[in-house]
Amino acid sequence: MIKVGIVGGTGYTGVELMRLLARHGGVKLQAITSRKEAGMPVAEMYPSLRGHVDIAFSTPTDAKLDECDVVFFATPNGIAMQEATTLLEAGVKVIDLAADFRIKDVAEWEKWYGMSHASPGLVAEAVYGLPEVNRDKIRTARLIANPGCYPTAVQLGFLPLIEAGVVDASSLIADSKSGVSGAGRKAEVHTLLCEAGDNFKAYGVGGHRHLPEIKQGLAAAAQAPVGLTFVPHLTPMIRGIHATLYAKLTKDVDVQALFEQRYANERFVDVMPAGSTPETRSVRGGNTCRIAVHRPQGGDTVVVLSVIDNLVKGAAGQAVQNMNLLFGLPEGQGLDIVPLLP
Amino acid sequence: MIKVGIVGGTGYTGVELMRLLARHGGVKLQAITSRKEAGMPVAEMYPSLRGHVDIAFSTPTDAKLDECDVVFFATPNGIAMQEATTLLEAGVKVIDLAADFRIKDVAEWEKWYGMSHASPGLVAEAVYGLPEVNRDKIRTARLIANPGCYPTAVQLGFLPLIEAGVVDASSLIADSKSGVSGAGRKAEVHTLLCEAGDNFKAYGVGGHRHLPEIKQGLAAAAQAPVGLTFVPHLTPMIRGIHATLYAKLTKDVDVQALFEQRYANERFVDVMPAGSTPETRSVRGGNTCRIAVHRPQGGDTVVVLSVIDNLVKGAAGQAVQNMNLLFGLPEGQGLDIVPLLP
Amino acid sequence: MIKVGIVGGTGYTGVELMRLLARHGGVKLQAITSRKEAGMPVAEMYPSLRGHVDIAFSTPTDAKLDECDVVFFATPNGIAMQEATTLLEAGVKVIDLAADFRIKDVAEWEKWYGMSHASPGLVAEAVYGLPEVNRDKIRTARLIANPGCYPTAVQLGFLPLIEAGVVDASSLIADSKSGVSGAGRKAEVHTLLCEAGDNFKAYGVGGHRHLPEIKQGLAAAAQAPVGLTFVPHLTPMIRGIHATLYAKLTKDVDVQALFEQRYANERFVDVMPAGSTPETRSVRGGNTCRIAVHRPQGGDTVVVLSVIDNLVKGAAGQAVQNMNLLFGLPEGQGLDIVPLLP
Amino acid sequence: MIKVGIVGGTGYTGVELMRLLARHGGVKLQAITSRKEAGMPVAEMYPSLRGHVDIAFSTPTDAKLDECDVVFFATPNGIAMQEATTLLEAGVKVIDLAADFRIKDVAEWEKWYGMSHASPGLVAEAVYGLPEVNRDKIRTARLIANPGCYPTAVQLGFLPLIEAGVVDASSLIADSKSGVSGAGRKAEVHTLLCEAGDNFKAYGVGGHRHLPEIKQGLAAAAQAPVGLTFVPHLTPMIRGIHATLYAKLTKDVDVQALFEQRYANERFVDVMPAGSTPETRSVRGGNTCRIAVHRPQGGDTVVVLSVIDNLVKGAAGQAVQNMNLLFGLPEGQGLDIVPLLP
């Protein structure tokens, strides 16, 4: 059994990791830390875990994370970059669900995240944990930068077009909608039910932290810089991201076939039949990204619809997928979940 | 007092018309028809109207609509085109909240709506009831084609850019999100709470009936055909449309000033301060269209955010605004409503 | 025009007061205070008020509340009791939407609210602002204790039975469900959309602050102490309270007639036809309490269903109703609102 | 592998059965019937099943249900009673998720369900499938009447009190709240998102079909008739039932200990610590009934809070639990699910 530790488990990615690990079958959850809640049984905060997870939150000291095989950071940005080195030196593999190691250009990262990077040396080493792009590198990595939720949905939607070089990569548009759980479990006014419920709005139009992450990934696929307008929106639901992507075709290709071929061997990317419109609930609780591709009125604008559960394929599920790769387990172990519908 | 009749008042635009007319002050609601519910007090179906509307649904015969000054059609598509002629000949003004008279090209209309037009002769006469464009024509009209909900939000958002000729009108994108009330009160599986709740999806990507209506309006403003990709989405809320509009600037203009000038005298269009992101709830129950305009990262893609309440400015409120214009009343009479927030 | 001030207007009762006062016609909103947001235009925080309220939040000093005719306290508990004396001495009438003056037994109040009362002398003077019970006293009062939301729905539902002495008042049950706005606009984890959405739970089963308030009112009607089990629940909606009330009949009376007679002249209490089940949305945004009364299977258990909008009849609307009474205006001025449905 | 058939799989209990059976490990889904959708792949109607269930709906004829080991009826009331005999005679075990075999008094059943019973002879044989009461009988049964959703939550909440004879069983109250999925996937106006969303109401106050079912179960436990007032409510969420139960204690017992002892060996009933308030989301997707018991202010009214997922412990999950018992499998096989939170 792989010995697992979680740092900062009181948020939604933490409880989601526990949901998945509790049924994984190949891991033992050794410790989950929370300075603030140390001593409280995990199942007291999250009654859904009663009968499934019987440990309590512990202090970082008590947690003995250096005795784990792998540690997940389900923390705010800026924590993993301070603590990863010690763990790595102790031979522990590290998967960061926050953004500390996602952006290769450290100066760019510091601009968007508003802090100095504590471990710029690790940034180069870290592998960006999108298995559909970096599977082989992930297998041999020590340190995984688990992708953001929007970046997962948007990149998986654009990649077949960009890799095949069939769209104008200088004017991509990603109109993206997220459920409220993407904002985490912090007490904030704008995510109260009475503020976010029965309401729809855009935010971060001038610039969102996931923009450089997406552009980095698409530029790597294009082997050239890309131009992207990225507008995120808050939609009154709990889980789910729906990315609606627009690009101009520069070649008249069969886009349906292009997507089907690109993802033919990808267990967690489901290219739906032509004409489909994927719903976010069709992936609720599951690790799948469902994609449909359209050419409205047969024109040269291609529209890609890409949905994920932001807490699963957009966070904890992809982290478990990466863990499976790191330890040579079947990639889908613990992730063979039927989404909850309705 | 203006004598008002409503045809087909059991749906959401019907109850919304009654909500507005009950407090208008210058009208008397004479009759509201429903073949199916004739005899049932309106307030029995809609308890929110108890104490405010005391008439019952009547049969078309009993309603004596030809004795009204104005008749609103809050009916499915295809009804007003059959009944308008008789009323117009009796000197009654007609406001159709359905789509029968919106598209000037009758063949185009027949293609999208899947039926033969019963009164093609009236199509030419009908005035498209978007007061911000056609105010003077509306004042002297007999027959108003009240705009669709998406077309209202999308046209008001694009018009300043198109009229000024500062964007490439051949590649416009309108990513639009609607609350579920836009689908009406018909019993259908896909709008059940358990289907549409906690869920987000696109629909009609291949072609939606509002596409030709929007293109017609924008082409008139551009004085040339336009290219538009229009993707509607269903969002799990009751009221509200949020249109996110994308266009390429062809001139480096001050877009904020452009919008403020265009709508300086428009009481029901609110151009928000630069940097704003309008929320749908900020117009819930009110007749205002709120707009914000952005140029992300200072680039040449302009992003317009346009929100309305689909049942008010997108339907019944705009219909009342048109009625006010038709009868020389103050344009905002009965529409001076503070939106309900939260 | 009555000069009005509001203390603490950043919460939901504050914005709701402004919504109602903006269309009242007989008042002028002089000032609204917020230490934290002083200087910010009200409409910047609440865009729904753009075009309707054009003042900014002010400091308590700048507000010159002593020059108002009436001041509403839309503050947390414990503020009005400190500031009311000064205003009353300056001849200003005071309406407290918090709980400071609701409980006549000061020791009891201090037990439930966990603080010492700063103005016990005013408690005796304050009139409990439930117009359906205390209308005449309200007309001549200086200081109004505006009822709580649950107490309004529960008392209006039980009063006809208690006043008529037809039920066993020693074993009343009030199973009450509230929308989330009852918890206010404070940033707290348990009212986040992701915590309260798609979820239902009881809370405060061991004892809720509204229990002594309800018991005080019912005991006055019964002229004897009452026994009440009060269980509040949080339901995933924004506005609305639904109280389901259970009592044992001790006399075989026509409960429908009893309710109709009791509220025959009450404009804001609507006794629905026998067999009805009032919906919370039927009062959304309006000041009405809708009630239906049942005797399931004709037995001796009477079930009363009582719904209000917690922010209107349960807070700001009732406060305006009280203001109208205080100043000799028509009781319903500014409150003739058709609820928003859907 | 147990060969399983499902009759009528297009509704929510059908898709939920498939979700559970797909991961069960001990069954093979042979056929799922739908006259209307015969030929359509199941995963086309329910994209959440893509990759998990690869069969299509079949006609009853093609389904060869008589070759199955067990057949679930996920049909409207009145179907299983017509088709069960043939299957039973072919040696197939039958689990009816509808109400056909739940009420032992056939005349009573016919009164509440408004039809003649087609197989009154089977009613006596059928075992009521509440394992916490009838486990041994279920193991040897041929025909299971799977309990209703409200009856499951209400009976599990009352049973410890009734069995111990510590409450007045003549005046029980069950104030029950259900998510909208309890109404099924039929297209009906009152369960549209725009009707049931952001709204709360009671229904069936005069009499609901689950009343006789609950009374039958409680009377068996009490070994005497019981008096029950049962008021169901519709709450704006998808899944979940919250029953708030009230009873008068006739003996001063330790109710917490009573509940803990009664359910000490029940894997799917979780008695929470004293003072808890179970949330419906804490069982979302799982087969657990969570219960908390209170005595407000230490009085003699006991309040029980009982929550289930109506589609799992209230329908499909309990049906699988019964299947496991019928075939000698571990009772929890396929049901060891961590609820989805948030």
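All chains are identified by letter, namely A, B, C and D, in their written order; residue positions are counted from 1 within each chain.
In this section, a residue touches a chain if its C-beta (ideal position, glycine included) is under 8 Å from a C-beta of that chain, and two chains touch if they have at least 3 such contacts.
Computed from a predicted structure; not experimentally measured.
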Winner on C-beta contact pairs when B-D is weighed against C-D: C-D
Inter-centroid spacing, subunit D versus subunit C (mean Cα positions, whole Å): 39
Euclidean distance of C-alpha centroids - subunit B vs subunit C, Å: 36
Interchain centroid distance [CA atoms averaged], subunit B/subunit D, Å: 45
Contacts with two or more other chains, residues of subunit D listed in rising order: 12, 181, 185, 194-195, 197-198, 236-239, 278-279, 281, 284, 342
Graph class of chain-chain contacts, one of line, ring, star, complete, other: complete
Interfacial residue positions of subunit C with respect to subunit A in the complex: 12, 180-181, 185-189, 191-198, 236-238
Residues of subunit B defined as touching subunit C within the complex: 12, 15, 18-19, 22-23, 46-52, 181, 185, 197-198, 238-239, 270, 272, 276, 278-279, 281-286, 288, 290, 336-342
Sites on subunit D touched by subunit C in the complex: 171, 173, 175, 177, 179, 194-195, 197-203, 205-207, 227, 229-231, 233, 235-240, 242, 244, 246, 248, 275, 277-281, 284, 294, 296-297, 299, 301, 303, 305, 307, 342
